[in-house]
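Naming follows writing order (A, B and C), and every chain is counted from residue 1.
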Amino acid sequence: MGDAPLLELRNVTKIFRGGGPYGGKEFKAVDEVTFSMPSEPSILALVGESGSGKTTIANMILGFLEPDGGDIYFKGESISSWLKNRPSEFRRKVQAIFQDPYEIYNPVYRIDRLLKITVKKFNLATSEAEAAELIRNALEALELRPQDVLGRYPHQLSGGERQRLMLARILLLKPELTVADEPVSMLDVSLRAVFLNYLEEFKKKYGISCLYITHDFNTAYYIADRAVVLNLGKVVEIGSMEEIIHKPLHPYTQTLISSIPIPDPKSRWEERSELRRLELKEIRPEKGCPFVLRCTHAMKKCEEVKPSLVDVGGGHMVACHLYGG
Amino acid sequence: MEKGTILEVKNLKVYYKTIAGDAKVVDDVTFSVYHGEIFGIAGESGCGKSTLVEGVYRIVKPPGYIAGGEVLFEGVDLLKLSEEEMRDIRWKKMAYIPQGAMSSLNPVLRVEEQMIDAILDHSNISKEEALEIAKKSLSELGLPEVVLRMYPHELSGGMKQRVIIATAYALRPDLIIADEPVTALDVVSTREVLQTLRELRDKYGATVMLVAHDMAVHAEIDDRLAVMYAGKVIEIGSVTDIFYDPLHPYTKGLIDSIPSIAKKKLIRGIPGIAPSPLNWPSGCRFHPRCPYARDICKAEEPELKEVKPDHLVACHLYGGD
Amino acid sequence: MSRVRNSSKIVVSLKRVIGILGKNNKLKIGSSIFLALLVIGYISPYINRLRLGDKRPDALAVGRRWEQPSVKFPLGTDDYGRDIFGMLLIGTMYSLSIGLLAGAIATLIAVTIGFISGYKGGITDHVLRTFTDTLMVVPLWPIYMVIATYTRKLPLETVAILLGIFSWPGAARVIRAQVLSLRERAFVKLAKLNMLNDLEIVFTELLPNVAPYIAIGFINSAMGAIFAETGLRLIGIGPPLLPTLGYLLSITIGVGMLSVRPYVVAAVVAVLSLIFVSLNLINIGLEEEFNPRLKKVTGL
């Protein structure tokens, strides 16, 4: 169709400096990251362990931080341009769900306030009665009973209810993109799938795309179509969920996949793979591939030259010298 | 493998005093742990599993208190011992790794100082001997000796946790209790830490009790596990039994609701919300959410009974013999 | 229409706050004592009018010199015939006023600087922080003494302002720290995603959460100011026409009442102590409520 991709990151880099304005150590939280989401509604999983830069990327997409290199484009226009010229339109189209159901509410107010402000600031209703009805409908769509939830303070609700309210807020706005940063990692396991079902429903029914940021492949596999794997701020592999899980190419991805705990006692780690003992804390090498210190296939080239992302067929991309990166 | 019992918990009750009455967080729990096995305690938030092990280790703090029951460790009822006698048991015969232990490592002390401090706290040996024990413990768990001279922030999460395990195992306790040891860790570290716990059993014959809400973790290393709901143990069995033949509707629902890369299908989850300890439902506590609930479930609490060999469940569906 | 709604919202939240605070014993006792002192202090002119007619208690020769305590002069008079009990009453009012005014000024500055510093960050924060830290190490008493010796006729407000503008750095640091930590919380990010601008975020999201620390800072500044003024008086510095408790203390001790009529001095000290004890109780009570871990330790 020729539509611009919904979201596109091109060589995005973010450097943090420690030590105050008189200089100090700098470290690259995000290093030339490139990936995109198509204009058709989709769910992309951004998978990485802590320290991989995934939350920094989320903050940049939401406009809380500015990239130091490269740029991020939403529907073909850079985020900084959106925020300068049409901020409320941008915020209407790009929203977020955060990880901690306890932290997302201001403890001094009732939870109604969050929803009411959302309706008010985005002019979703023309009267108070209409606003109240919109909110009621959104709650009911998420199987929350308005009388059980409205008028309560955050500490009076359970984690599951609080996180569902986040979804209610998204339903009120119906943005084009939701950035979900570890939305279920603090929920009980039996609630996770239920929450993720809603994200899937939002995509199908309302065309809301989702960037699902997580360290957990099990849930990523459940709802995402494609995945981007991050290691120490760099993209190491991109592909469809099936390819990443069942045919991972990058040694890091392979280590990750083989280490995922599977809830099946007949399929335990020993039967699946060998694990090379990882040493101390992850050090970010100055040059070359970031995984070189832990990689069982490391070659001389890996210490010198940083591999670039290459397409090995059908949109499956790897950044590894084993594949001609 | 001998099947002697190392720990027998009988009718343990741990309650919390609140303005609104007693919160019955652990309410009449009974189970046994055999020598040399890895025994898991599974359940979601609020089911009482952390409080359960605090009760076993006798570190329940006010407003919590032990309201009844017995905790037989190698035949001795821990609840009847004095604090002095308990101190002899802690760390030397039974060790406990609380939740979040790795973030309580002192950031300004080197690892060796902290390990030695802990060892000296619970024994009457010299500093040099303590250092030797620390070194031995680390190397047994596959950690390089250089770790001793490092500070906690120089170690990865997985390594910190393994240092904690090495410290807990330094005095060779027979039983190690670990409360959510891998919740804050990434996938690869999780695997390392759990395999370390496995090694303790495989190489040194220790018994491990593992508390975790993540069922996948239990599937990877447990031999047997108990499933808790609303302060009670509702099912106990071998790991294969629990995952392949779950009897209790809650266990079934729990297993079915886990997303996994091994299967792709729509998951429905368990309807309803977990109850609060101040207001446990009558009869079987799961009845408001159970698809098979009948009248008796509302009225009578089901007993934990052995329904198949070594497979116990507390559910009226398996009532009459 | 929205004005009515907003003011009723404030009433509701005040009610909620009072409801929460009403349970703490320290707060109840502390605020009762302090409120009593405040009331007595502010109605003291009327009490004195009833007792002395048109004469001010600190006017010379209200009574005879060195009168013994009687019904008319419950604490007697000093060597100038001034009514000590009356001065005790209005002294309460003057000392409390200085404290409250200085506290308010210090808090206003501390909140402004603390918020700008904490919320803006970057160079602004760096500059403001250096300024705050510098001011913090400047020794206050020498400054007070220099100012006091060069100004004879200072009205109450000026004294309060001077005390206030030097005592804000401590509170500013605490507030800055609070704002820094709150700024990163998820609900602030969510507010930004809801199109709230910086001013709205500061006032509606951050301020209510920082409020307890502002209150504690205010009380600390007020106490500090009363303490400073009293102390300066005792070494003879301060505008002589300002009849504060410190002034009363200095003249009674100076005239030798410590040995002749120690109960007079004790009465003044008692009132001062009540002020400090009540304010401290309020402070501790506030800290207990908003730092729940302390509650279990103190056990009250």
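Simple rule for what comes next: a residue touches a chain if its C-beta (ideal position, glycine included) is under 8 Å from a C-beta of that chain, and two chains touch if they have at least 3 such contacts.
Quick caveat: nothing in here was measured; it's all calculated off a predicted structure.
Q: Graph of touching chains, which shape: line, ring, star, complete, other?
A: The chain contacts form an open line.
Q: So which one's got more C-beta contacts, A-B or A-C?
A: Counting C-beta pairs in contact, A-B comes out ahead.
Q: Name the chain whose C-alpha centroid is most distant from the C-alpha centroid of chain A.
A: Using the mean of the C-alpha atoms as each chain's centre, the farthest one from chain A is C.
Q: If you average the CA atoms of chain A and of chain C, how far apart do the two points sit, in angstrom?
A: Their C-alpha centroids are separated by 50 Å.
Q: Suppose each chain is reduced to the average of its Cα coordinates; what separation in Å results between chain A and chain B?
A: Those two chain centres are 32 Å apart.
Q: Which chain A residues qualify as touching chain B in the complex?
A: Those in contact with chain B are residues 49-50, 158-161, 188-194, 196-197, 215-219, 221-222, 245, 255-257, 259-269, 275, 277-282.
Q: Please output the residues of chain C touching chain A within their complex, sorted ascending.
A: So the residues of chain C touching chain A come out as 13, 123, 126, 185-187, 189-196, 205, 208-209.
Q: If we count contacts the way the header does, which residues on chain A are in touch with chain C in the complex?
A: 20-21, 62, 64, 87-88, 91, 95-96, 98-100, 103-109, 114, 117-118, 121-122
Q: Considering only the defined contacts, which chain B positions touch chain A in the complex?
A: Answer in residue numbers: 44-45, 142, 144, 147, 150, 154-159, 186-192, 194-195, 213-222, 239-240, 243-244, 253-255, 257-262, 264, 266-270, 273-274.
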